[in-house]
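One structure is given below, represented as structure tokens, and several questions about it will come after.
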Amino acid sequence: MGIQVHLITHTPDPDRTVAASAKLCYSDSSVSDILAEIEPETMKGFITHLLRSGHMSPFEHATFTFGIDGISRVCTHQLVRHRMASYSQQSQRYVSMTKPSFVTPLSVVEEDSLNRIFQDHCNAAHEAYLELLEKGVPKEDARYLLPHGWKTRITVSMNARELHHFFRLRLCRRAQWEIQDLARRMLIAVKNVAPILFAKAGPDCVVKGKCEEMRPCGNPFSSYIELLEEPLLDY
Amino acid sequence: MGIQVHLITHTPDPDRTVAASAKLCYSDSSVSDILAEIEPETMKGFITHLLRSGHMSPFEHATFTFGIDGISRVCTHQLVRHRMASYSQQSQRYVSMTKPSFVTPLSVVEEDSLNRIFQDHCNAAHEAYLELLEKGVPKEDARYLLPHGWKTRITVSMNARELHHFFRLRLCRRAQWEIQDLARRMLIAVKNVAPILFAKAGPDCVVKGKCEEMRPCGNPFSSYIELLEEPLLDY
Amino acid sequence: MGIQVHLITHTPDPDRTVAASAKLCYSDSSVSDILAEIEPETMKGFITHLLRSGHMSPFEHATFTFGIDGISRVCTHQLVRHRMASYSQQSQRYVSMTKPSFVTPLSVVEEDSLNRIFQDHCNAAHEAYLELLEKGVPKEDARYLLPHGWKTRITVSMNARELHHFFRLRLCRRAQWEIQDLARRMLIAVKNVAPILFAKAGPDCVVKGKCEEMRPCGNPFSSYIELLEEPLLDY
Amino acid sequence: MGIQVHLITHTPDPDRTVAASAKLCYSDSSVSDILAEIEPETMKGFITHLLRSGHMSPFEHATFTFGIDGISRVCTHQLVRHRMASYSQQSQRYVSMTKPSFVTPLSVVEEDSLNRIFQDHCNAAHEAYLELLEKGVPKEDARYLLPHGWKTRITVSMNARELHHFFRLRLCRRAQWEIQDLARRMLIAVKNVAPILFAKAGPDCVVKGKCEEMRPCGNPFSSYIELLEEPLLDY
């Protein structure tokens, strides 16, 4: 079982909220009136226009909150580098890691001999952790020997502008596989409730049709559909 | 008629969202399970604890979006200095100021002779603006002569943590009166939908019972109720 | 006389600081060792690579502080919308506007009849302002009738990443002319002390050779040199 | 050997830069003139006043860049949660961890039997890591089994406002010991070059003489000197 992503809450009617806020800039009506009157077709046209020309600031008015479980601390260390977001993470200082619970990379899972090394080591780490706890070492110190791949839980809030930025960087095939998988699950979740805001999202190959990396992956996505249909990881 | 503040949307169930996100840090359950199970009394106790000890980061998971009309550009220039927020403002480059529409400060309104000077000047400004437009000056240039007090519209999103910070600074009696009035209207609006998150908010005299300004106002609020019952301005 | 921009201070040796910080990510040496050893040619190659592929985070380690005078409040209201920056602005609540001091847009200056309307109006505004002050109106209220074009002073700190973003948006010919002129002056100042970090900067027509605006200006810059040699405004 | 902190660069003359920027708000002179004229005594008085009343925004104009080595990934995961800062971190995706290099908590070091468990486990982890690499597992995957305590390097830029916030939270005795030690080393480094800006800094017990935590540590610092003279950790 891989990462679990639940969209636990979000700004209601995110497409409409963004479209109305953006329209305010060019209108002599109040945002309440615009909200009440804006037509679905206008909304769509307006947001598509903003997306294409990169005028993303109105996208900030729609926020999405995710509950994420089964993610490694390798991945959360990368995730929290995104500073335009809010995080609440399970603390290893306060919560005991009572059972072994870690992410095994696919490159390891798929080969028995590698998998054995990995499982044996991580289980041994957990035993050593428990032994230290038992001998009086504080949780916050004993965890120094737990593997990077240890699982954690985190609540994340990001607005639609930051999500677009996040998807651009983290759905790129050059991103690390675990955060790619996380990003894909997050995209599927938000696309469901904000189909216009995320009518298109992802790395430059998908959105701009062109990669600007010095060392491209060599295997760009040919379409948004391909990006969305990439299988989710189950490890 | 003073500023109009409409809370146009917000994270649903903001108290619960914050409490559950905070609880995650100290728990071995998923945030979805915590959300489902958390009791109102626990929520209240937990949030009160966070507020008192200043552990405000979980407050970021609840976001509020306001539509604001009838606010002067004096006030929005101050408002947008709060950087942990999102703004969409009516543009004077694209929208014509067809009618005179400006804020007259109370210190001026209340005295006929002052008011006459002010009204005459602002109406003259608007006429000069229209004359420049007519003679081919672009809107974005003609507005250089419109008074600072000119009215504008703005959509603002802030999370509950930033709102607490905003209320702390801007509900202080030393803050400028227009932004004080704006802040009071915003507080009333959010308190209505997030009574626990904003069970207490405001300047240090209200929240900490003590002012740290070098030059205090000399007239601190004696209670949160006094702060909330201060009359809204109608000018 | 237009805007005056003084680069009052900045991170010493900005090119080297950014290059060494970036190199750390891919190296097994300490940043101090990298700083001591990095060759000018390596620096240049490395930064050019970061710029081209949009890996801008190391650019944040070089910060620039500008003292800006003679700028209108129209322009500072736009400027302070850039949230990844630090601002200290002259306060109209505390400082009296003793002399008339305002920006007259070029579209107005160039035509005597328009200019007369504008000057007369702004001088009248200042007289009304002084009259209100004299009659006991607080500075913070009297200024509600001062024109938007009133001059102010502001200290701004931005790091090189945010500066690139700022130059991208504000050196576009579709940006408002005053902030365009401000941005050009800031670019010239930083290019002088950080020639590699700003070896190229500006709107998409300059940096990417292609505009993504829905309504392009129709007059894109053909080169970085053209952008830099655009005459500074003197009004 | 514990964490190594090098202040690799900073805004020149940080005290003066902040004082002059702050003074601009209340003055009719340009910041360049203020910078030239401001007297050391005025600087000190002014900054002390800002610190006491919590008007910290001018502190943002002084930025400090640290090269940090020998820090665990436990600690950097906490560190990068401070979002008002810039980071460049050594990548475990690109750099091989050729030698065992990890932080052993003091609670473990001090007791031979615990230390043996810890060292044995971490050395075994490194051997398993190397074995996986040898068998073709990518670095970015093999590191999933390296212990949390693994050492890393990071370049950090923070301005003086964020540093005050960082010191307030992370020099509290309730903070985790490794980040406390990091913060103390950073404070000593900046105090050296910006004695006025950091004339006082630290947790509430030091700065406000009073703790607001629900569960205080029971052992507050009695003075700033005590905080500064706490021995640095050498493990």
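The letters A, B, C and D name the chains in turn, as written, and every chain counts its residues from 1.
Basically, a contact is a pair of C-beta atoms (placed from the backbone, for glycine too) under 8 Å apart; a residue touches a chain by one contact, two chains touch by 3 or more.
Bear in mind that the values here come from a model prediction, so they are computed numbers and not experimental data.
Contact with chain A and chain B alike is made by C, D.
Between chain B and chain C, the least number of touch steps comes to 1. When the C-beta contacts at C-D and at A-C are tallied, the pair with the greater total is C-D. Centre-to-centre spacing of chain A and chain D amounts to 28 Å, using the average Cα coordinate of each chain. Rounded to whole angstrom units, the spacing between the C-alpha centres of chain A and chain C is 34.
Multi-chain contact residues of chain D (touching two or more other chains) are listed as 87.
Across the interface of their complex, chain C is touched by residues 4, 6, 8-13, 17, 20-22, 24-28, 30-32, 35, 57-58, 60-61, 63, 65, 67, 69, 86-91, 94-96, 98, 153-155, 157, 159 of chain D.
The touching residues of chain C, counted against chain A in their complex, run 49, 52-54, 212-214. Listing the residues of chain B that touch chain C in their complex gives 72-74, 76-77, 80-81, 83-84, 87, 92-93, 102-108, 111, 113-114, 117-118, 121-122, 124-125, 128, 131-132, 135, 137-138, 140-141, 143-150, 176.
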